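Order as written gives the chain letters A, B, C and D; numbering starts at 1 within each chain.
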Amino acid sequence: MSITIKYFAVLRERFGRAGDSVPFEPGMTVLDVWKRALPDQGLPENLMMAVNMEYTRKDAKVQDGDEVAFFPAVTGG
Amino acid sequence: MSITIKYFAVLRERFGRAGDSVPFEPGMTVLDVWKRALPDQGLPENLMMAVNMEYTRKDAKVQDGDEVAFFPAVTGG
Amino acid sequence: MKIEIREQPFDPYREIARYQHETLPAGQYGATASFVGTMRDYNDGQPVHGMTLEYYPGMTEKNIDQICVQASTRWSLIDYLVIHRAGQISINDAIVVIAVWAAHRGDALDACKFILEDLKSKAPFWKKEIRDEGEAWVEGNTSGYAKSEE
Amino acid sequence: MKIEIREQPFDPYREIARYQHETLPAGQYGATASFVGTMRDYNDGQPVHGMTLEYYPGMTEKNIDQICVQASTRWSLIDYLVIHRAGQISINDAIVVIAVWAAHRGDALDACKFILEDLKSKAPFWKKEIRDEGEAWVEGNTSGYAKSEE
């Protein structure tokens, strides 16, 4: 029973890893996932987040087994 | 001392020739050139005209030696 | 800058790639917008079997050149290429290719669209389609441009 | 419809020509609009010597697919192709190619621009440029899209 977390780009480099795993708790939001994985890190400006590869907001609820991703503003094309 | 005339597309086919030559007369306009070359033909709708390969209007004056072209609305691209 | 009327079929993407390779300085352009017009086998719901495209040698090139120069004054462009077919055109032949190189995408996209729209409404070309019932000139309208007032 | 993330360099015009030849029915499309983004050797007036483009495997393709499906509902399209580079990118490499086939030019041009703009603001890619002083992530902004409110 857990949430898989992925970090990309500058976040991945800053944290020194591409992801984490935290235990699922009923009622958990994306922000709760962040705080559980990174208790010492405030939410960066311009942070983007996705649940199961769909953009979402920090107050969105997560389900057990979800993949939650955190990354900076995109710079593609 | 003359004006060279060119016809394109449906005009060229209708008149059975790609061009004409008419004598230059001082003060002549593009419309005068048409009337001199084609006395029995009214000015068609959607007619476009050019003097020396630049679009112009029927009341524009021509100079001796000019090339005057008459053609229908363009349908390129 | 290259503007050309071509009487023979051409591969538009090979033309863009070749022109870019031969002419564009590496590292300068970040955006290339292009448009290719292709001969369809239908028009206004009717079958078409090919067409003849007539033009005004001299004026057609000059007119396209003026359109491109005007685009160059409105947008920041690095280079452009326009090749337009004339003569006997078969189904699926490329009719026109327009490519615009710029540092930034907005300039390339907007200039490409401008050149295409102006070319279609102003450049002296006339299409004669081969339809089921025979050949027929495509009717255009002058859209108020250089229109006779009589 | 083809959407692909490519780790190796590619020739964008060869890709468009090949896809068109293999996939598009002859005589149906009258308009093809395309955009190619290319790696420049400068950005914001500073020299750039290359870059690394990171993406989110799975989400990136899914996001581009959603953008293209949305374009298909807004415009009448016949087909589209999007190839985006990732990994180590050298000066003058193609970064992205977008091609849109339609019967009519307005649909092709507008859909191509829409896909490009949406792709740049939404698709998960992150550029790390090699500059004179070393490597640095390019800073973007979320433009209000899916932005954190804290």
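Rule of thumb we're sticking to: a contact is a pair of C-beta atoms (placed from the backbone, for glycine too) under 8 Å apart; a residue touches a chain by one contact, two chains touch by 3 or more.
Given the structure is predicted, the values throughout are model-derived calculations rather than measurements.
*Asks:* Under the document's definition of touching, what chains do chain B and chain D have as common neighbours?
*Replies:* Expected: C.
*Asks:* Look at all chain centres (mean of CA atoms) and spot the one farthest from the centre of chain D.
*Replies:* B
*Asks:* Let me have the rounded angstrom distance from the C-alpha centre of chain A over to the C-alpha centre of chain D, please.
*Replies:* 25
*Asks:* What whole-Å value do you get for the distance between chain A and chain B if each is reduced to the mean of its CA atoms?
*Replies:* Whole-Å distance between the two chain centres: 72.
*Asks:* Can you tell me which residues of chain A touch two or more of the remaining chains?
*Replies:* Those would be 77.
*Asks:* Can you list the chain C residues in contact with two or more other chains?
*Replies:* Each of 37, 105, 116 in chain C touches at least two other chains.
*Asks:* What are the touching chain pairs in this one?
*Replies:* The set of touching chain pairs is A-D, B-C, C-D.
*Asks:* Taking the complex as given, what residues does chain D use to touch chain A?
*Replies:* Its residues touching chain A are 37, 53-56, 58-59, 62-63, 84, 95-96, 116, 119-128, 137-143, 145-150.
*Asks:* Quick one: in the complex, what on chain A touches chain D?
*Replies:* Of all residues in chain A, those touching chain D are 6, 8-10, 31, 43, 45-50, 53-58, 69, 71-77.
*Asks:* Touching chain C in the complex: which residues of chain D?
*Replies:* Chain D reaches chain C through residues 11, 13-14, 16-17, 26-42, 91-92, 103, 105, 108-109, 112-113, 116.
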